[in-house]
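Chain nomenclature is as follows: A, B, C and D, assigned in order of appearance, with residue numbering initiated at 1 for each chain independently.
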Amino acid sequence: MAGRMLAGLLAAAVLWAVPLAAGQGEPIKVGAILSVSGPASFLGAPEKRTAEMLVQKINASGGLLGRKIQLIVKDSEGSPEKATSFAKQLIEEEKVLAIIGPSTSGESLAIKNLCQEGKTILLSCAAAEKIVDPIAPYVFKTPQKDSDAARWIFQTMREMNIRRIGVIVSNDGFGIAGKAQIEKIAPEYGLQIAIAEVYDKGATDLTGVLNKIKGQNVEGLVNWSIVPAQALVAKNMKQIGFQVPLFQSHGYGNIKYVQAGGEAANGTMFPASPILVADQLPAKHPQRELLLSYKKDYEAMYKEEASAFGAYAYDAILILAEAIRKAGTTDREKVRAAIEDLKGFVGTSGIFNYSKTDHSGLDMSAFEMLTVKDGKFVRLKP
Amino acid sequence: MEGRRYIPIVLLLLAAVGVQLTLSACDAAYYLTQLTMSLYYAIVAVGLSLLMGYAGQVSLGHAGFFAIGGYTAAVLATRNLAVEPGAMARALGAMGLLLQREDLYGQTIVYLSPWVSLAAAILLTSAVACVIGVPVIRLKGHYLAMATLGFGLIVYYTVLGAPGLGEADGFSDVPGFRLAGPLEVNGRSAFRVQNFYIACVLAAGVMALGGNLVRSRMGRALRAVHEGEEAAQSLGIHVARAKFGVFLLSALIAAVAGFFLTHYNGGIGPSEATALKSVRYLAIVAVGGMANLWGTLIMGVGLNFLSLRGAFGSFDDAVFGVILIAVMVLAPEGVFRRLPWPFRRKGGDDAAAA
Amino acid sequence: MSAEQALQYCLAGVTVGSIYAIVAIGFNIIYNTTGIINFAQGEFVVLGAMTAISLHTVTPLPLAVAGAVAITAAAGGLIGAGLTRAVKRPTVLRLIIVTIGLSIVLRAAVLHIWDEKVRALPFFTGTEVSSVGFFGARITPQALWVLGICAVTVAGLTLFFRHTLTGRAMRACAANRTAAGLCGIPVGRMVTLSFTLSAAIGALAGCAISPVTQTQYDMGAPLAIKGFTVAILGGMGNSLAAVAAGLLLGVLESFSICIFPLAYQHAVSIAVLLAVLVFRPSGLFGSRDVSALKEH
Amino acid sequence: MPPLLEVRGLNRRFGGLHAVRDLEFDVEEGRIQALIGPNGAGKSTVFNMIAGALSPDGGDILYRGARITGRAAHAVAAMGIARTFQTTRLFPQMTVLENVQVGRHIRSSAGFLAGLFHPPWSWREEREIRRSAMETLEKLGLAALAGTTAGTLSFGQQRLAEFARALAMEPNLLLLDEPAAGLNMHETAALATLLTRIREWGITILIVEHDMSLVMDISDHIVVLNQGAKLREGRPAEIQRDPEVIRIYLGDDHA
C-alpha cells in the first residue's frame, strides 16, 4: 500500500519535472474557462469565438516553438463552483500551461489561488482589480483597470465643470467593482456622489431609478455596467426628460448597445479601448494595424462586429504566445516570468507593460474617451 | 436483524474504497475532485427526496437553503478578526474558538472556528426554515411551488444585493475546515483522497438517517400524508407538523451540504442560490425515482459528476430540462424500478412516487 | 418629492406594470383550462419576440408580429400540449415538473437557434427618444401600446370565454375535467387550444415589450416569475384582475425605490408575493368583490 | 357517568342552506348507534363535525364530558375517535400492513429524531407496532394480504382493510360513514357480524347508513334526521313503526 503510494508520488513528481517537453510535436495545452452561456454569455461567447479563431490562426502559421496549441474550452455559465471544478480539472488532469478567462470577476477570484498553487498561468478576462491585488505571481489580467476608466470619466467631467454626480451600476461583478472604484476615486477629482444605486442585471426598465436620481439635481450621470440592460439608460433618460451628460464605462464597448439605444445613445461619453474606433485611428497609431486585423478576421469568420470583450481573450492568447516565444520553452516558471517581463507589448486593449508589481499591464493610455455620434463610436477629441 | 438495514451503507463505503483505490491505481485520482463535489450536491437531492418523494411536498427553493449554509461558512471564515478585535472577538478567543492562518499573500487572518460557524449555520437555517416553512408548508400544489420558488429568489437577491455577502463576486479564500487531527475539508489536491472519504461518510450518514426515517413511524406518517392528507389526519397524524418536520430536516441537510462544499471549494457565489440550481435538485430527485433515496444518490452523483466535468458543454442546463420532461413522460417512477436486494426499501421501490 | 416626480414614479410603474400584466394574462389562459401553471410561459414571450425580430429583417413590422404570433402559437401549442398530455397520471407535481423542464429546454433552444446577443424590435410608433407628456411627467408611447394590447386581449378573452361554445368548453375543462369529458367535450383538444392561445398571447406580449425591455434568450424566466407573481396577486385565472395587479405591483415597485435601495427591489416584491400566498391565497381581488369580473 | 358522546345544540350553515339545526343526541358507551335520514338530511355534515373535519357554527360536541367542538381532525383522532370514509381512503401505494401500521400512530410515540437515529427503544416500539398491526389483520382475516399494495385490493377487501386501520387505533368510538355502500349481500351480512363483534370488543359505534335492514339488524339505538333537525330517536323497533319516519322515507301515501 505505502509502496504503491510512494510509486504514484514518484511518477507524479517525474511528470511534474518534465512538463510536456517530452515529445517535441506534442501540442501545448491551454485551457479556457469562459461563460459561453448563462448570465454572462455576452462576455464569454465572443471571448470563446475570438480565442478559437486566434488559436486556429497561430496553428495555421506553424504554431509556437514548432508545436501546435491545443485549446480546451470549458463553459462555466458564470458559476464560480463550475469554474473551480474546471480549473482543477485543467490544472491537475490536463496539466495545461495556462488558463484563459474566466469571464467574470467572481469566477476569476474563485480560481485565483488554485492557479497560483497549481503553478498554472491565469490570464483573466475580467476587469476587477482584486484579481491582481494582492498580486499572485501566476495570475494576470488583460482588461483595462477600472480605476483608470473612472479617472478618464472624472477628468472629462472636470473639464465640463461637473461637480455633483449620480451613479448607477449593475449588480454583477463588473458593476460592483466599478462602484467601489468610483466611490474611492471621486473625491480625488472633487466630485460629490449625490446618489449611487445598483440595478438588476436583467432589468427591463430603469425609468424609476433614473427619476429618483433626477430628483437629486445631479449634473452628470455615470452608468457602470457591462450587461445589455445598460442600453436602457440612455433611452429611459430621454423618455423621462432627464437631460444631463451620460457617461458609460468601458463595459459599453459593444456597438449593439448603441444600436439598442438608437437616437438616445447619441452624446454618450465613455472610456474605451481604441478597437471600437480602429478605422478612425491615425495611420501611425501603434495599435491600428493589430486592431484592424482582428476586426477583419473576426468579422469575416463570424459575420458579426467585434467587441471590446472578445478583445480581452485576444490579448490573453497573444500575450501567452509572445511569452512562450520569448521564453523559448513551455517551462511554467519561465513563461510566467516572460509575461512579467513584457514591456511595450501591443495588444488590442492597449500597450501592455507587466512587471513584478503590476499584473494588470495597462495604464491610463489604454483608454481613450469616445462618444456616440449618429449611432457610431467616434473619438471625443479626434 | 436490526443491523441488516445498514448493509447497504457498508456496501456504499466499500464501493467508495474500491473507487478510490482503482482511480489512484490508474493514476486518475483527479476524478475524485468532481466526485467529492457531486456527493455534496447529491446529499442535497437526497434530503429533497425525503420532502418531495416521501412527503409529497414540492420545493423549488432548496438552493436557497444550500446557500444559507454555504454563505454562513464563507462569511464567518473570511471575516478577519485580527484587524479590529472587538470585545466579542476577544471573548471568543479566550474560549479557544478562534483559529489563525496565513493566506497566500502572507497576511495573518484570525477567524472563527468552523465548528462554531457550523452551529451558526444550523441555527440560522432552522430559524429561516421556521419563519418560511411554518406558513408556507400549509400551501398546496402550485401555491407551494410558487412560495418555495419565491423563497429561493429572495435568498438569491439578498446575497446578490448585500455588500456584506460579497454581491456578485461571492466569496473566495474560504479556508479549509479542520475536522479532527489531519482530517480537513479542503479542496487542495493534497487533501483530495481524504476529502472524497469525508464526503462519502457524510453521504453515508445522510443515507443511514434517511433510510431509518422512511422505515419509521414518522416515515410511514409522511407517506400517508402524501397519499391522503384527510385520511392521515383521521388517524391522528398532525399533518402540518409532519410536513414541517421533514421540511426542516431537508433544509438542514441542504445547508450542511452547502457548508461543507463551501469549505471544499474555498468559496461560494450567488450562482449556488439560483432557481435553476433548485430545479436541478428537483430533476435529480425525479430521475432518481422520487421516493427512492438510493436512486437519488446514484443519479445525483452521476449527473453532477458529468456536469462538473463539463461533459454537457453549453447544453448543461438543457440536459436537466430534457431529463425532467423525459422522466415525467416516459418513467414517472424514475429510472430505477427495482434496485437489488440490500438497497430495496421495505414495501417496494416504486411505491409512493409522485 | 415634487408632484411631478411622484407622477413620474407612477408612470414608470405603469410602464413596468403593463409588461408584468401582459405576461400574466398568458398564465391565466392555461390555468383556466387545465388548472396548471405553465412555467414555460416566459419562454413563449422570448420565442415570439425573437421570431418577430428575425422576420422583421424581411417583412414590415405588422407582418412580422403576426407571423411571430402564428409561429409561436403553433410551436407552443404543439410542444406544450403534446408534453402535458403525454404525462401519465398527470398530478400537479408532475405537470409542474414538465413545464419547468420545457422552460429550460426552450431557453436552450432559443440560445442555440439565435445566440446570446440582445436584440429589440423597433418602437411601434415613434423612436427610442419619443415620449408622451402627461402633466409634466413623461411615458414612452410603447407603454401605451402594451396597455392597449392588454386591454384588447382581456376584452377579447372575456368575450371568448363567456360567449363562445369553445370558450365555455375550455372553462368546463378546468372546473371538472372528468365531467367535461363525460359531456362530450374533447378535453385533449381544449388543452391544446389553451396552450396555443397562451403561446400566441405570450408571443404578442414579447413583441409589444421588446422595444422597451429588449430581448435576450434568458429573459423568459425572470419575466415569468413577475408574470405569475402578478397572476397570483390578482387571483389565478382572472385576467382583468391580473392587469390591475400588474399595474399595482409596477407602481409599488417604482415607489419602493424611494425607500429601499434598488438592489432589493425584486426581493421586496417577492416578499409581497409570499405574504399574499400565505394570507390571501385567493389573490388581492379574489373573493366576492371582483369575482363578477372573472372569466368564469 | 356521562354518555360517551354528547351533541348539544349543533348548527351548521353552508351559505343559505341551514344544513344542521339545533341538533341534540347522545351516544351511550357500548352501543351501536345509527344516524339515518333521507338524502340531504345532514348526516354526513354531523359526522364530519364530530370527526373534526368540519367546524360547527354553533353548539357543542362533548366526548366523555369534555368539549371537543371545532378541534382539528388529528386531535379528535388522538382522543380515541376513529373514522372510516364513504369512499375508502386507504393509502393506495402502501401495503395493507403499512396502512394498518399507520393506524398505530396514536398508540406509539417515535418522532423525527427517533425515526432518524433509530435508538433501541424504538426497535421495541416498531416491533410492537408490527405485532399489533398483524394481530388486527388476523382478527379481520386479512393476514394473507399483509404484503399486498393496498391500491390493488378488491373493493370489499379495501373496505375491510380500512376497518382494520381504524381498529388498529384501539378507538373507544368508531365512526362509520356508510360502510355498506357498494357491498353485495354476502359482504353486507359479513359486515353485520363484524360490527357486532366490534361492539363485543368494547368499542362504541356511531354509524351513518342507508341500508335500512342492516341498521335495523344491528343498531341498539337510532337517531333519525330530517332537513338538518332530529325527527325521532329510539330503539329500532320503535323507529320502524313510527309514522313520521315512514312518511319521510316513503312519502305521504304510506303514512
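Quick note on the criterion: a residue touches a chain if its C-beta (ideal position, glycine included) is under 8 Å from a C-beta of that chain, and two chains touch if they have at least 3 such contacts.
Remember, it's a predicted structure, so these values are computed and weren't measured experimentally.
Peer 1: Common contacts of chain A and chain C?
Peer 2: Joint contacts, listed by label: B.
Peer 1: By that same contact rule, can you tell me which chains touch chain C and chain D alike?
Peer 2: B
Peer 1: Which chain is the middle one, judged by CA centres?
Peer 2: So the chain nearest the centre of the shown protein is B.
Peer 1: What is the chain whose Cα centroid lies farthest from the Cα centroid of chain D?
Peer 2: Between chain D and the rest, the longest centre separation is with A.
Peer 1: Using Cα averages as centroids, what's the distance between chain A and chain B in whole Å?
Peer 2: That pair's centroid distance is 34 Å.
Peer 1: If you average the CA atoms of chain A and of chain D, how far apart do the two points sit, in angstrom?
Peer 2: Going by mean C-alpha positions, chain A sits 73 Å from chain D.
Peer 1: Taking the mean of the C-alpha atoms as each chain's centre, how many Å separate chain B from chain C?
Peer 2: That pair's centroid distance is 34 Å.
Peer 1: Please tell me the distance, in whole Å, between the geometric centres of chain B and chain D computed from their C-alpha atoms.
Peer 2: The separation of the two C-alpha centroids amounts to 43 Å.
Peer 1: In chain A, which residues are in touch with two or more of the other chains?
Peer 2: In chain A, 37, 171, 198 touch at least two other chains.
Peer 1: Pull out every residue in chain D that's touching 2 or more other chains.
Peer 2: none
Peer 1: Which residues belonging to chain B are in contact with no fewer than two other chains?
Peer 2: Expected reply: 160-161, 314, 317.
Peer 1: Who touches whom among the chains?
Peer 2: Touching chain pairs, listed by label, are A-B, A-C, B-C, B-D.
Peer 1: Can you list the chain A residues touching chain C in their complex?
Peer 2: 37-39, 41-42, 45, 171, 197-200, 202, 204-205, 207-209, 211-212, 214-215, 228-229, 231-232, 234-235, 238-241, 256, 260-265, 304
Peer 1: Under the definition above, what is the set of chain D residues touching chain B in their complex?
Peer 2: 51-53, 72-74, 77-78, 82-83, 85, 89-95, 98, 101-106, 108-112, 114-118, 122-123, 125-126, 129, 149, 165, 169
Peer 1: Considering the complex alone, what residue numbers of chain A touch chain B?
Peer 2: Against chain B, the touching part of chain A is residues 4-5, 8, 11-12, 36-37, 74-75, 77-82, 84-86, 88-89, 92-93, 104-107, 109-110, 112-114, 116-118, 128, 130, 134-136, 171-173, 175-177, 198.
Peer 1: Which residues of chain C touch chain B once you look at their complex with the stated criterion?
Peer 2: Residues of chain C touching chain B: 36-37, 83, 86-89, 91-94, 96-98, 100-105, 107-109, 111-112, 221, 225, 228-229, 232, 236, 261, 263-264, 266-267, 270-271, 273-274, 277-278, 281.
Peer 1: Give the list of chain B residues in touch with chain D in this complex.
Peer 2: These residues of chain B touch chain D: 2, 209, 212-213, 216-221, 223-224, 227-228, 230-239, 245-246, 249, 347-348, 351-353.
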